[in-house]
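Quick one: structure below, then a few questions.
In order of appearance the chains are A, B and C, and numbering begins at 1 in each one.
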Amino acid sequence: MEGSPVSGRIDLRIDGAIARLTIAHPGKLNAMSRPMWRELALAVASLADRPALRAVVVAGEGNHFCAGGDISEYPDFRFDEAALRDFHEREVWGGLQALLNCDLPLIAQIAGHCMGAGVEIASCCDLRVAGVSARFGAPIARLGFPMAPREVELVARETGLATAREMLLQAAVIDAPTLKARGFLHAVVPDDTVADEAATRAWRVTELSPLAARLNKRTLRALVQGARPDELLAQAYAYADHPEHREGIDAFLNKRPPVF
Amino acid sequence: MEGSPVSGRIDLRIDGAIARLTIAHPGKLNAMSRPMWRELALAVASLADRPALRAVVVAGEGNHFCAGGDISEYPDFRFDEAALRDFHEREVWGGLQALLNCDLPLIAQIAGHCMGAGVEIASCCDLRVAGVSARFGAPIARLGFPMAPREVELVARETGLATAREMLLQAAVIDAPTLKARGFLHAVVPDDTVADEAATRAWRVTELSPLAARLNKRTLRALVQGARPDELLAQAYAYADHPEHREGIDAFLNKRPPVF
Amino acid sequence: MEGSPVSGRIDLRIDGAIARLTIAHPGKLNAMSRPMWRELALAVASLADRPALRAVVVAGEGNHFCAGGDISEYPDFRFDEAALRDFHEREVWGGLQALLNCDLPLIAQIAGHCMGAGVEIASCCDLRVAGVSARFGAPIARLGFPMAPREVELVARETGLATAREMLLQAAVIDAPTLKARGFLHAVVPDDTVADEAATRAWRVTELSPLAARLNKRTLRALVQGARPDELLAQAYAYADHPEHREGIDAFLNKRPPVF
């Protein structure tokens, strides 16, 4: 779970019920290198082994979230079709899919640059809070290449078609208030409080039913992957007798806080 | 069409071309009880027998729209899988599906609490106007259970994925101006004018072609249920010779108001 | 490519890498006549023969974008089912589909009235800029008829379900700031600068990789037509060895502007 300092790393720290994933690539605005994508997949997969976890904050080290891919690596592999496919389908998608498959609520804490890979990672999160000066885009049309299909689908679904087109076709850089108005960001706060905002939201998640979170995430995931609701009914009510279900309703009726 | 006062009721009143459905559960912020879901389905179905109707306003009695489900009923049935499935799939979905299948434009007039079942009922309406102090959420993660799949699909489609996640994973309560900015609400007005706003919009609907409304609603319903547009073409132009079609165009060309 | 002045025309002008399509129907607020729909399809198809093109601005002549269909033609054909179907499926959809199938970024420059056919044409564009006093709607419920299924799908997808319902079921006319807030418009500017705004955006597109634009548009088109991302992978990385890909990355790494 430890990358070379040269090529960046994904830090994972656990603080009680909250995990903190940090994208760290000093001197490169936390650009994602190939080792970092692989580390991201492993780090997120490892969360499943920690049943005490209830929420995950995804952040960048220092004053930026993630400026995109590590372009210095690109000449080594991007001009060969098989290697390029392997990079996008196995490394990049491996990391993003790990996030998408995570049953814990993911909170993106976004400061500074959130570009390309940064927008994709943020798009995998359930809740997104940003500092007011954060800036978003996917200006790869300047780099001469398109976004991969799975990544387009993810970004267009989460940011909206209009924003995806503006990012991809115009290499637009969009500010945080605009993306709050368009419904991508849940909150925009002063830059020096974005960590507090993310922590507060993570804390609130930890007081709620983990069962409900897990099942709601599974339903939402299946729906965005194209399932029809009636295909999800077989297991939809298996939670009926679950202790959290009983506790939540009992607590409400007895006017006490639930303990999940 | 009449429920016990103890468990709430759905009032249906007809005023010319406009029907008014009122969710009424005094002392419980109009929470939906099981009898009310069944009454809702019957009341909406009965509208099809009244060809003079052109629009429906859906409101709550007094100062609230609907605070959710009637939790006092829950211990009686929710912990048994079959009973829980029956509740969601037959009672709740029966009421919501009746609204979704209604060919008349539905206008939600939203005041005060609009939570859980309230958000679901509002999500079935075509137009949504709210008082500025109305508050929205689906904080069932506090009650220890997830939203049912059909209900998630409905709420996520209408409120947007980001809002659905915030409601479900964070038990967030969201204000009316935010939901107007995110495109769920069509208008937010001072609390004491929300009934007027809904009535004005209903009145405007009554001056338009009922044929157009019915066919547009059918097309939109089929599309959100997953139909491809080319599957809808067989009957798409059967209205060609309809009197309303002739009247609308004739009125326009003769610079007079149409009479539908 | 030249229509009778009586029934309006579509002007196509080429200025270097930028094409300008102008909807022109003097005295009728640029309403689309049947010949204009056919001209539109031909004009857009002809762009494919001009490899030097990089962006297209779609505008209306004078102070309006397009006020809808040319209703004076309607009595001649709309009341016959076969003729009505032919109009929508062949003429209207032929024009819209040509725009949707265009691989060049399309920028809608919207002033004044943008109604019915105008909203549909704008919905086919990738980027949409409007003057602050532009007004949008599809008030055909006043004309006694519904929107055709393919057109509903297009408009609902691009403007959002809530806006589509408001336009179709309430014959609402919506202002530009509201449609910017709802994410349909990318920019709203003073009326006398809308042409400059569109030109600036077109110019920015011309500096980016045409390969990236073409492939991104194809991916987005396939996705909105219902393809799953994994169905798009076979050809997704065929660009690996393309000169634009090499140029973009080389330029970045050498800190120089790319030349595409």
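Going forward, a contact is a pair of C-beta atoms (placed from the backbone, for glycine too) under 8 Å apart; a residue touches a chain by one contact, two chains touch by 3 or more.
Remember, predicted model here, so these are calculated numbers, not experimental data.
On superposing C-alpha atoms, the copy chain B sits rotated by 120° relative to chain C, to the nearest 5.
As for how the two copies chain A and chain B face one another, under half of their interface residue numbers coincide. Centres computed as Cα averages put chain A at a distance of 33 Å from chain B.
Touching of two or more other chains is recorded for residues 181, 183 of chain B.
Residues 71-72, 74-75, 78-81, 83-85, 88-89, 140-150, 152-153, 156, 160-166, 168-171, 181-183, 226 of chain B are the ones that touch chain A when the two sit in their complex. Residues 105, 126-128, 157-158, 181, 183-184, 186, 201, 204-205, 208-209, 211-213, 215-217, 219-220, 222-224, 228-230, 232-233, 236-242, 244-250, 252-253, 258, 260 of chain B touch chain C in their complex.
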